[in-house]
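Labels run A, B and C following the written order; every chain starts at residue 1.
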Amino acid sequence: MGTRLGELVERFGGRLEGDPDIEVTAVTPLDRAGASDISFLSNSKLRALAARSHAAALILSPADEPEVAASFAGARIVTANPYAYFARAAQYFAQFVDAARLPSPEPGIHPTAAVHATAQVDPTAHIGPHVTVEAGAAIKGGAVVDAGCYIGREAVIGEGTRLFANVTFHARCIIGARGIIHSGAVIGGDGFGFAQEGGVYIKIPQTGRVVIGDDVDIGSNTTVDRGALDDTVIEDGVKLDNQIQIGHNCHIGAHTAMAGCVGVAGSARIGRHCTFGGAAMINGHIEIVDNVHVTAATMVPNSITEPGRYTGYFPVARNADWERVAVLVRNLTSMREKVRALEKAVKALAGDK
Amino acid sequence: MGTRLGELVERFGGRLEGDPDIEVTAVTPLDRAGASDISFLSNSKLRALAARSHAAALILSPADEPEVAASFAGARIVTANPYAYFARAAQYFAQFVDAARLPSPEPGIHPTAAVHATAQVDPTAHIGPHVTVEAGAAIKGGAVVDAGCYIGREAVIGEGTRLFANVTFHARCIIGARGIIHSGAVIGGDGFGFAQEGGVYIKIPQTGRVVIGDDVDIGSNTTVDRGALDDTVIEDGVKLDNQIQIGHNCHIGAHTAMAGCVGVAGSARIGRHCTFGGAAMINGHIEIVDNVHVTAATMVPNSITEPGRYTGYFPVARNADWERVAVLVRNLTSMREKVRALEKAVKALAGDK
Amino acid sequence: MGTRLGELVERFGGRLEGDPDIEVTAVTPLDRAGASDISFLSNSKLRALAARSHAAALILSPADEPEVAASFAGARIVTANPYAYFARAAQYFAQFVDAARLPSPEPGIHPTAAVHATAQVDPTAHIGPHVTVEAGAAIKGGAVVDAGCYIGREAVIGEGTRLFANVTFHARCIIGARGIIHSGAVIGGDGFGFAQEGGVYIKIPQTGRVVIGDDVDIGSNTTVDRGALDDTVIEDGVKLDNQIQIGHNCHIGAHTAMAGCVGVAGSARIGRHCTFGGAAMINGHIEIVDNVHVTAATMVPNSITEPGRYTGYFPVARNADWERVAVLVRNLTSMREKVRALEKAVKALAGDK
């Protein structure tokens, strides 16, 4: 019932130190792993814990191997990126788990879903309970993947795009292959566009679409608005956590990831391979280049033109300390005046001599 | 199949410079407009782009007209508020678009919706898939509007209030005419009210309602809680973007707009014609007067008694710079002490002389 | 049709000053209460208002009783915690209100809900319209409560756990007795877990559960992610407002409350009896001890090891003032240099003398 270590290495690579006929059935954390488990060491600080593990085998890096090998009795799979190896192995073992143990992943359309007759849904896609797919929308399926394939994202073998319960996928929007849209997400609601006249708002029809690439994950209750005239675009491999808001006409570059509660205002253009910590807020109509990393709870009002990490939140403190500091922050202009006056006075005193 | 410029001007006003028999079929951005399109110039900085446009006609202001007319070959509709004119023209053309191209707007109740027998739903309203409308709730319809009417919001001709897919509209709540509630929004969930005793929370029943006026838009996954004893009130013309949270017993004044991710704590009372940038946070039990504009990512802890723009977020910087600044902010008390000591020392030195 | 004050005192305790045969039918705010209402005074500042109230009876504290008794003509129930007494009395009267007036609370599964055959739903639980309950999930019922019981939370007599409309309750998750999950909430969506390789994200299967204790309230559109390998845990009595995001593997201690829009990143461990103001953001992999109170809009990047109130948001100001202050904050390093230079100069001047 288990999988031979030899087969794992054939599938996912790595150098095996130990008996290829040892069988394992699950990937398990170091401290809980037992005789039928494989575990992993993704952080050198845990070497001692790894050495004491009861796992049948460990996934670890060449740097950690010598020290761990000295005391760990089981087999080792040595690989440059143990965490990525763990992810693939865990995906592999997940397919043997009773389907009932994970959110329903079977292909097909749940009888309670409302899928418009003109929507195109690939037969490998999964459409969960109470999902709504509107007219002209397109849900693509999974690519056919060779059984022995182990490269990157294609390791999720043969799975089509999945829309979990209560997702709303509005008219004419598109999502590519191997995507996941978690429950309650809304794709293609109207953008927030109004003209103002005499203090009253006049709605601007939102006639663009949302176009989502391949291998995109969208979290629970996240919202992505359709474009006003042009489209909102989410490129391949983007990962959005829960409760994120993406405004109309945004463009999110490939392999960018955003943690929960991030907000991106309309027409922002974000590069590739960026990361955004939770509740980061991105202003509209700005541009962020590739490889920018924004810390959680940071407001980005203007474009960022150079890669790097950017931060901007008020440091937390005991409330009484914060209150003192907040008063001083409010009055910084007065402190600057005092410093200027001092500079003048000292200059005068020095000149006097 | 197009609409004559002459007819547009009859409907929506403005002064036409050019042939009234030219026909246009869509409103299109300056850079993409072609021979059957009308475009608009809402920002004088784009005059040069407008002059080169291939549009059949342009909507522009009297101030922009002379310069653009000198080089632009097509017709012009001159009006004081080109952006509002664009919004109305776009609404007008949207009605000719294949219904399948926009989120489903037809009147009627989708067969998958669960509408309680005691709820009142106007026959012109649209209730989308998987919407829930509970007992005693009221969804009003659209006003009857003259065919020739072009004034303000009524330009959305004959449309009833629409609840898109997966909306939950709880018992006894009310929404007026011409409103839109986008997918996943929850109107009338319980407010967050508890008494505490011995460290344990005791729920306070939330028996008020949510009462929403006419011409209100509520964004995807936005939540508006019912009042505790009294009602939560959203006045006419309020526009709420996605993922907004409005606590129980709040009162939002007419024609106030909030961008995505704003949070308003319970019993806040907000004036008319206010605007709130994304993720602004408003404390409970405070009052904000009319015409207040709060910048994105700003926390408002106390009442605001004078109109104007208010801001409060930490400026973003490269992470290393922010870390230095954050330490200095934490230690502002010590910097103030140093400045005070310097003031004393300088005074002493000056007195010595 | 009303309830005798004598019966209220038998149920909920307190000392009655006045006629036990007076009947009341509802709990009503001081300023609106009439001859068939009971009202409450939870804040001594409102003594004058209480004294003028037209209520048949008042709930108040021993400290407020003498002054109010001097002028208020009705009966009084004197109790140490009038607000908690009010909550219980309001719960009691709510049961007599027409069921249609409150969000549907009847036990049973709405015909539009999709409940998996293997899910366990207690017969006293309420499952609303379009709710999804996946395989292996467990929804527990209400405890049997003595008719005369008046202690704390059990005062919500005989009610089972309720899932309101459009809730998604994913596979294998568990919720205990007397819980409420408000509309649109998603329990047990995948956590946000990826390994990275060559700039591409590889999904880590999320095989843990969400385990929720008794007496837990979860607000509208709140999301609680399932654990990666272990479980996400919400202990007894936790109260979560709307639009909150709880990451995978978090542990929220008993009787902790969070206001709307709070975000908690993965693997955070939060103590008991904590409170979090709206939009507070908690970093992942940190620990917060019991009895910590975090102010709204505050980012907590590191562990908090001592009880108390913690705050960290930028003070709001008129925009022009904020802009000046923001420039000074950015340049605090330069101000510190100036202060240091002054200190040197003054020292030199003092030495010169």
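Heads up, the rule we're going with is that contacts are C-beta pairs under 8 Å (C-beta built on N, C-alpha and C of every residue); 3 or more make two chains touch, one makes a residue touch a chain.
Please read all numbers here as calculations on a predicted model, not as lab measurements.
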item: Proportion of interface numbers common to subunit A and subunit B (over half same, under half different); value: different
item: Angular offset of subunit A relative to subunit C [C-alpha, multiple of 5 degrees]; value: 120
item: Averaged-CA centre spacing for the pair subunit B and subunit A, given as whole angstrom; value: 28
item: Multi-chain contact sites of subunit B, meaning residues that touch two or more partners; value: 112, 130, 166, 184, 221, 243, 261, 279, 313-315, 317, 329, 335, 339, 342, 346, 349
item: Of subunit B, residues touching subunit A in the complex; value: 27-29, 81, 83-84, 86-88, 90-91, 93-94, 97, 99-104, 110, 112, 128-130, 152-153, 155-156, 164-166, 180, 182-184, 217, 219-221, 237, 239, 241-243, 255, 257, 259-261, 273, 278-279, 296-297, 313-319, 322-323, 326, 329-330, 332-333, 335-336, 339, 342-343, 346, 349-350, 353
item: Of all residues in subunit B, those that touch subunit C in their complex; value: 112, 114, 116, 118, 130, 132, 134-136, 166, 168, 170-172, 184, 186, 188-190, 192, 194-207, 221, 223, 225, 229-230, 243, 245, 247, 261, 263, 265, 279, 281, 283, 294-295, 298-301, 308-315, 317, 324-325, 328-329, 335, 338-339, 342, 345-346, 349, 352
